[in-house]
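First, the structure itself, so that you have it in front of you.
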Amino acid sequence: MTEAIARRPVAVLGAGGYIGQHFLRLLADHPWFEPTLLAAGASGANRTVDEVWRLPEAPPAAITGRRLVRATPAAVARAGVTVAFGGLPSGTAGPFERELARRGVAVFSNASDLRGADGVPLLVPEVNEAHLALLDRRAKRRAPIVTNPNCSATGLALALAPILPVLRPRSVHVATYQALSGAGWPGVPSLAIADNVLPFIADEEEKLAAETRRLLGRRQGAGVRSWATPVHAHCARVATREGHLEAVTLEATRRPTRRAILDAWRRFDPLAERGLPTAPHPPVEVREEADRPQPLRDRWAGSPPAARGMAATVGRVRWDAPVLRFFVLSHNAVRGGAGGSVLNAELALADGWLG
Amino acid sequence: MTEAIARRPVAVLGAGGYIGQHFLRLLADHPWFEPTLLAAGASGANRTVDEVWRLPEAPPAAITGRRLVRATPAAVARAGVTVAFGGLPSGTAGPFERELARRGVAVFSNASDLRGADGVPLLVPEVNEAHLALLDRRAKRRAPIVTNPNCSATGLALALAPILPVLRPRSVHVATYQALSGAGWPGVPSLAIADNVLPFIADEEEKLAAETRRLLGRRQGAGVRSWATPVHAHCARVATREGHLEAVTLEATRRPTRRAILDAWRRFDPLAERGLPTAPHPPVEVREEADRPQPLRDRWAGSPPAARGMAATVGRVRWDAPVLRFFVLSHNAVRGGAGGSVLNAELALADGWLG
Amino acid sequence: MTEAIARRPVAVLGAGGYIGQHFLRLLADHPWFEPTLLAAGASGANRTVDEVWRLPEAPPAAITGRRLVRATPAAVARAGVTVAFGGLPSGTAGPFERELARRGVAVFSNASDLRGADGVPLLVPEVNEAHLALLDRRAKRRAPIVTNPNCSATGLALALAPILPVLRPRSVHVATYQALSGAGWPGVPSLAIADNVLPFIADEEEKLAAETRRLLGRRQGAGVRSWATPVHAHCARVATREGHLEAVTLEATRRPTRRAILDAWRRFDPLAERGLPTAPHPPVEVREEADRPQPLRDRWAGSPPAARGMAATVGRVRWDAPVLRFFVLSHNAVRGGAGGSVLNAELALADGWLG
Amino acid sequence: MTEAIARRPVAVLGAGGYIGQHFLRLLADHPWFEPTLLAAGASGANRTVDEVWRLPEAPPAAITGRRLVRATPAAVARAGVTVAFGGLPSGTAGPFERELARRGVAVFSNASDLRGADGVPLLVPEVNEAHLALLDRRAKRRAPIVTNPNCSATGLALALAPILPVLRPRSVHVATYQALSGAGWPGVPSLAIADNVLPFIADEEEKLAAETRRLLGRRQGAGVRSWATPVHAHCARVATREGHLEAVTLEATRRPTRRAILDAWRRFDPLAERGLPTAPHPPVEVREEADRPQPLRDRWAGSPPAARGMAATVGRVRWDAPVLRFFVLSHNAVRGGAGGSVLNAELALADGWLG
């Protein structure tokens, strides 16, 4: 009976961009949040959702015809929203989000500017919910800022979290096959990628390694001690539309059975009883076919329907003790982008951080 | 003055297939070999080169209009050729090639059937020329069989050979981005790969690891002791036409300077003075741009012009001692296929193995 | 209240193929039909739906784990189904379907074998419902066979039917941009189409012209007099997954206003009151953006949700009287394939042809 | 013996762009012209050819390491060049080219700004050499400006010119399958075109129709009377790298034999005796295979080697008198771009227009 509960009015920042439109898609009919302010930059403002829409699927009926507006942080705050979802580009995002928080608007952001900043949790709910406690409850007027990690770090952290206890790896090697949408719009020129692979994405390997290790680290007082195990990353762009695939190798210090490893993934569902609308159950799906996961077929993994694209898919599990190899796939713009922040906001609301 | 030297008449086996046609392309105007017998299976026999041609570039004028024929090993031997280039599919190749050798026809093969068989060198001339000595000079009538390795192993071995002495790695990790042509024709269905990556190629990871280690191993009497260092491989297919890209990480036991590593690659040219027509100089090209090598731009690397597609390209060299990361690219159907065997035959001829 | 109505048990023929799987997807939860027999050829039989599944989206839960079987027409008839949906390849389909009908099983087929055969309507319900009367009510025991047209003819006929009365064209020119899935599985080799367009599809131009003209023709006794206007077709394959795009030019003999033409399309909904579950309303969607329709964005057009992929989308309407140019897009495997036959069966059932 | 002839120093305008780099590629070793000034806009200036290079093939050795410069028309004139090749974007090109001509620098331009302007021939040498006479010999100081047509018009005009005399069509219908490079760099976003066709290219249909008709028209005094036959065009973008394919239908008023039509194409070579280095012989290649021309295989058509990419390829010729259907393919960036202007300059030089 969702109709009995008033949905909180929220803002979507960067609604003209690719991640912003995934936010709109996920929030249009969200049971807890209602997108009432659609903010965009100069190129999107004053145009309708339909006019700026870039996703293959049509915009949800609930937001069809709505108009994007330019809005300062002050204007967002005055508009009566207390939560904003951040799809702004790097550089612009940080100061804007800080100012919003200062004015009492909670921010759940996909931007990289404030990831790892003091008092700003970098969060994947199934992986490091405890990091939410980095938020400062005493800062009365200042609202929380929570960021989701880089799109490739999200999938890797989800795949690693369940199995670290049974494997205790001494090193992690990862090579990515990242989708075009990871670069937003207009993103990669078609002439750059047609019949090609681009073996470089600026700053991506550093983010993938550092953010994965932070997600898997422990909170210590007001900070986080990153996981000590090194993560050696290669990041490359391939000509798929959506879904980041990653080839992962762990050198383990333990030698459990193959079954124990698979069970660790399958039993993993730390949000099972939390009732978060966008949470996938299970968050990691394991496939035993010889040729999965695939971007085309597994990008939308996730149950129930509201969690489509929110599950990571693990497959091709090869265990030659003490070396484990597998592939993991997750939807970069959903689980690794807008959906990640929506889930973060759901958790924050359930945990009482949104007043 | 190549006109003074009679070209040896050679056969191309599997001339209707993708690798077979790369053989034809490379041999049509070769200074030492002349393709006089174009053998094909049922689907290609009795058709002209033009009718079966699958490569984007037009067939060379020297073979335009030539007709493919069905031929038993006996017929190949009777046709007066003493060298055959093997582009037959696995399964068919082994017995056919054995019988050819028994009848005195030397075989240079891209097929995997006899790789690693007794007395059959697995050869990349710049990497393990010494393995040619596995051939048995006493077997008077039997002609030599030499195989080139798997297309992804070729590039990896070329990239590793120059730097092993300065790094002495304890482990090698590799993830591949392999082109469509690696699967031959008809190969991968377009519906399987459009907007997709396939994280599985049958037997490929095993071949990549085992053949790379064999290439880097030492001959011991009539056998080869494979390189002891483990190679952990992931193999995936992406939607590029030609050129296998590989992301490589070494955990080194030595800590040379970055310059020393680059110099090791740049100084590497063991065939410099051999005068082999198809040998690239240098065999490994190092690029310092942020985003190379790329399949589209580097697949045809190799100087002089007769060695187009024969050089491996290394780039994105990241040295965080003791961990080295880089990408390597090589043309799977040229350096990692037909061109590899053509170079093997050139070396065998120069070294006196072809009588 | 569909639960009160028993669903008719139906067979899907060719369930291992691409069109067969679209049949399964459409019928899994169909309110009138229930797929109880999943028939496949040698390569698919005895495997589960999951094992043979080729579509990007996962198989519907209702058929997950179901096993495909080999079945003769006699076995299909004995299995208690009275309706079969045909996804068999050409050549096989005709005799199989004839034998099914002889045994009292109605056939709704995507195969081309019996299109235009005596007593076999070629049907697009919104276009030529009257052709259903070609079925012979007197043939007591023989069940009806109805075919949907070629995938490119379906879209063209849907686009033309509404506007013929206002334009009365003297000629139709069409050039197609057809998707990979039109060739089924394995279909087009990836090496044939990557970075390419194939300007030839066997027999396609002939089918497109002849079937469009038949659909737009009039029933005359036991036959059909095809529409007299010539249709000049070019058919080409492009590297899209699904959705056939067509560039259409009409030379009109009337000169209505542009608005009158658009209104003719918009008002067209001959099945509006029929209550067919898979019928789209409207069947032709008109878009006014500068760059639509597009395969990526419009292939799934169709309302209500059960009619996804069943609407044709018309756009880029350029009226320089007396010459009309526009593009039309329709989903080749849904509206132009499995969905077309499902809708035909719904109409036949509603019209009393299924006993 | 080209070494005996001094090459004329020429400028390439827009050397940082996609067409500009095709100019560089074609001129690097040109026997008559030598690119001595490489002019670029703000984003390219002060960078080397290697740094800005976008084409898949490596830059020619003759220009490797050369630096691009910003240059006003005055600076170009002062640099001692008397011929400039224009690869500037529309809007910028017109005034710049006018000023160059005023200062005595002849311009051969790919830009659309001055196409059809007074005294500026729109030229495809094999089609309308007579239009060169639009140049005004009396304008003593002003140098000539000659433009090549739109990339899709070039191929169509080349295909039509030989057969108009034998067919005398009353109408021409054309639908295009245009390559990504037609939009330059960065051009089409990869997310816009992956798994898609874009049925709209701004102003392209108008240019294709108007420029084709102008090319096929007759000079009348200082102007051109366009060909009277209507050209009905659809223009669409597909995901190929290079090579525009076009589906063409003519409604003829004559009924020659099929052989007469093919012969008209095959005998067409109006530049046969002119000795222009970049002219292809024949300019229109006719293929009889069922599935040609294809962008992948025919884009580089053209003999001798210096004319690679300069020939149009015609195929799939279907003659159902009086309706002729065929496909034509030409390389948009070579024949339809930089190469077109290089050939125009060669003709102008040979005809004495360059002093």
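Should a chain be cited, it is by its letter among A, B, C and D, assigned in written order, with residues numbered from 1 in that chain.
The criterion applied here is as follows: a residue touches a chain if its C-beta (ideal position, glycine included) is under 8 Å from a C-beta of that chain, and two chains touch if they have at least 3 such contacts.
Predicted model only: the values in this text are computed from it and were never measured.
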item: Far-end chain from subunit B, centres as C-alpha averages; value: C
item: Which of A-D and B-D has more C-beta pairs touching across its chains; value: A-D
item: Length of the line joining the C-alpha centres of subunit A and subunit D, rounded to whole Å; value: 48
item: Distance from the mean Cα position of subunit B to that of subunit A, given in whole angstrom; value: 42
item: Gap in Å, rounded to a whole number, between the CA centres of subunit D and subunit B; value: 40
item: Residues of subunit A whose C-beta touches two or more other chains; value: 194-195, 239-241, 296-297
item: Touching residues on subunit D, where the partner in the complex is subunit A; value: 18, 54, 180-181, 185-195, 239-241
item: Subunit D to subunit B touching residues, read off their complex; value: 56-58, 194-195, 296-297, 300
item: Subunit D-facing residues of subunit C, complex; value: 171, 173, 175, 177, 194-200, 205, 230, 232, 234, 236, 238-241, 245, 247, 249, 251, 290-297, 315-316, 318, 323, 325, 327
